[in-house]
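I'd like to ask you about the structure that follows.
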């Protein structure tokens, strides 16, 4: 059963057809990696799915609702959450505050003016629990702007996770992080989402990560989907290897690990 | 027929002065992303310095030709003050949030307002000799002050000159490059600090010129700077912050609307202008004439 | 119970301890100071209510309004109109009327302004406040034009003012204002510490992230804008009877600048900063005006020094100094 299915998505910026007739679907609880070279349209696709952008054409069905025209707000309430390629956090607020805000928002409590936020024990307990799952609880009181880059990337995911979404869209959750730190971050992320049954789409450039953690890989190239299959299928797909790596690579060479900045 | 011609001339007169002030404000914003709340006071400074210079020279018995030649001193004074302000007070703020710039220029506004009072006292200064020297000409049967045509001419010439300056000279290219992408310009070897200084000085020169050229027909009076700034704001809101063509178009629109208002609806004249500004901000926040990219 | 004990043990209890002597001082003021001083303090408390409202937008939501004179003036003129045209003499009714008027104006203006941020927001607020100023100016047969409208002293809680006007203002009116001030401080304190207040700070820190955790940015900004406008309007309403006159001077944009000035002076990054800044600015301006005709020069220089050297204002600087002291111990 598809949690999300999108057909015929198109988005152009002037002459640049960033997303050009893309069909895309995600099943419940699936861990999917979205890969492709820079400019392939991955971030644009995620922006279309999360509601940051609206498509020029096409349809998006999420959880049996047609969300194509829905605002970001409605989609979040329906269960889509995301993190960002460039970390977006509330830098002056503490890490606990950052996660708590997701929870307050989720519970509809952000519209209350008459109660003290600090008194809401359940929210803060849950916030600390989430931080603990992400191995960030020692930074609970620190401002989000003061922790390390890798920790900020994790916090960005934690903030999205605290919305208890059905679908998590993570845009390069390990970019800018040293190779050493990538696996621990992905271990945490994948164990949390698997135990919660949350479907995840991650945009990633590091092929080691992609092949290690994902169940399914979708390859994009110049706005279209080039290939869609299990890691083994993608590895053996000659069209993919030649497009992404160029004809000079031999067909059975394993994917090289690539650390690109930007998408 | 003469009556309408005079209304048109009055509108053009108002537009000329507004263009000089607003054009300066817009230029500074376009290059430096700074909104200078004290900009109106540089207009006032130009007016006071010119009125003072002309007044002193007239007392000393100088002939009219000399008085006319002295008119631009206000603009030069404003430019000089602008240069000092930019290099000492504004520069520390480029790296900080733009809200602090607003505060700083507001403080400057207060200081300049009182400095003018300190130097020239609380009473208005006039330069009526210059105004009277050109007498009046006949337009369709009505008399119209000759000096007003000078103001219109100055505004027109300024617009032409600036257009050529910005689009045809090397400095203009540097100016436009810096305003579009300061980091790139710097990486290409442009001395951004110097461009900023020059742009700010030029903007202040324009404001000062507005004051200098208008003072023979009005007087230099305390508070004129604060009043002028709001009008300049309306012009750049309508025309678009950062666009010289926009400042010109905005100045013309404001000039004509005001003339129509003063003639037919004197009660709501000012309010109409502010409402138009608010309406434009609602519909086209970047202004009517700014191109989409920035 | 353990929460209270923890609070008392904690650092915050000692930091808040200064509230006790200050409150005592405020309560005893009319008996400690001469009427002129008390009147100045009253003006200061009124300004503090306005600044408190203003800082909800600046410090907590990240929006710098250069048009708050619009709400202050609406409050004052509402009182003047209600007295002149509806012959109302009860201060409570006058306050209710001004709150309503400021709410309406802030909803209208806010709806337009919150679609923008930063410079455009500031310019739009300025332009809209000038609309009101020019209306007050031009429709002089209604508003009294530059002469303004007289605002006589109203009945407080049903009690008519005494014959000795100065004594009345420096005593009964002072306590009336003090009570409203205390209520405003309490209300604002709850608002900024509520989940809504946290959401505003989220919007301030990162608009995109706030949107993507499900916060409707425009709606929350508008709510903050209206609360801010109401507080400032209330300040204007209290100011009217004290000043005795409603004139376009309180609508002009440079008065908005003074509101910004006093908030930055006290420090816009703390809760009490605007209060301290408003009182300090009121005293500063009162003495500057009495000291020299060039008081703008004086205040302008203060602002410059402030922005150059002490951008976090009085309270921010004290906080930073205290933090450094703690670290070095």
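Each chain gets a letter, A, B and C, in the order it is written, and its residues are counted from 1.
Heads up, the rule we're going with is that contacts are C-beta pairs under 8 Å (C-beta built on N, C-alpha and C of every residue); 3 or more make two chains touch, one makes a residue touch a chain.
The model shown is predicted, which means the values in this text are computed figures rather than measured ones.
**Q** Need the most distant chain from chain A, centre defined as the mean of C-alpha atoms.
**A** B
**Q** Using only alpha carbons, which chain's centroid is the nearest to the whole structure's centroid?
**A** Per-chain C-alpha centroids ranked by distance to the global centroid put C first.
**Q** Per the contact rule at the top, check every chain pair and give me the one with the most C-beta pairs in contact.
**A** The chain pair with the largest number of C-beta contacts is B-C.
**Q** Any idea how many Å lie between the Cα centroids of chain B and chain C?
**A** That gives a centre separation of 34 Å.
**Q** Quick one: report the Å distance separating chain A from chain B, using the average Cα coordinate of each chain.
**A** Result: the chain centres lie 51 Å from each other.
**Q** Report the inter-chain centroid distance for chain A and chain C in whole angstrom, where each centroid is the mean of the CA atoms.
**A** 44
**Q** Spell out, as numbers or ranges, the residues of chain A touching 2 or more other chains.
**A** none
**Q** In their shared complex, at which residues does chain B touch chain C?
**A** 35, 37, 89, 92-93, 96, 98-100, 102-104, 106-111, 113-115, 117-118, 226, 230, 233-234, 237, 241, 266-271, 273-275, 277-278, 281-282, 285
**Q** Inside the complex, what are the residues of chain C that reach chain A?
**A** Contacts found on chain C: 190-191, 193-199, 201-202, 204-206, 208-216, 220.
**Q** Considering only the defined contacts, which chain A positions touch chain C in the complex?
**A** Counting only chain A, the residues touching chain C are 50, 52, 72-73, 76-77, 81-82, 84, 88-93, 97, 100-102, 104-106, 109-118, 120, 159-160, 163.
**Q** If we count contacts the way the header does, which residues on chain C are in touch with chain B in the complex?
**A** 64, 66, 112, 115-116, 118-120, 122-124, 126-128, 130-131, 134-135, 137-139, 252-254, 257, 260-261, 264, 293-297, 299-304, 306-308, 311
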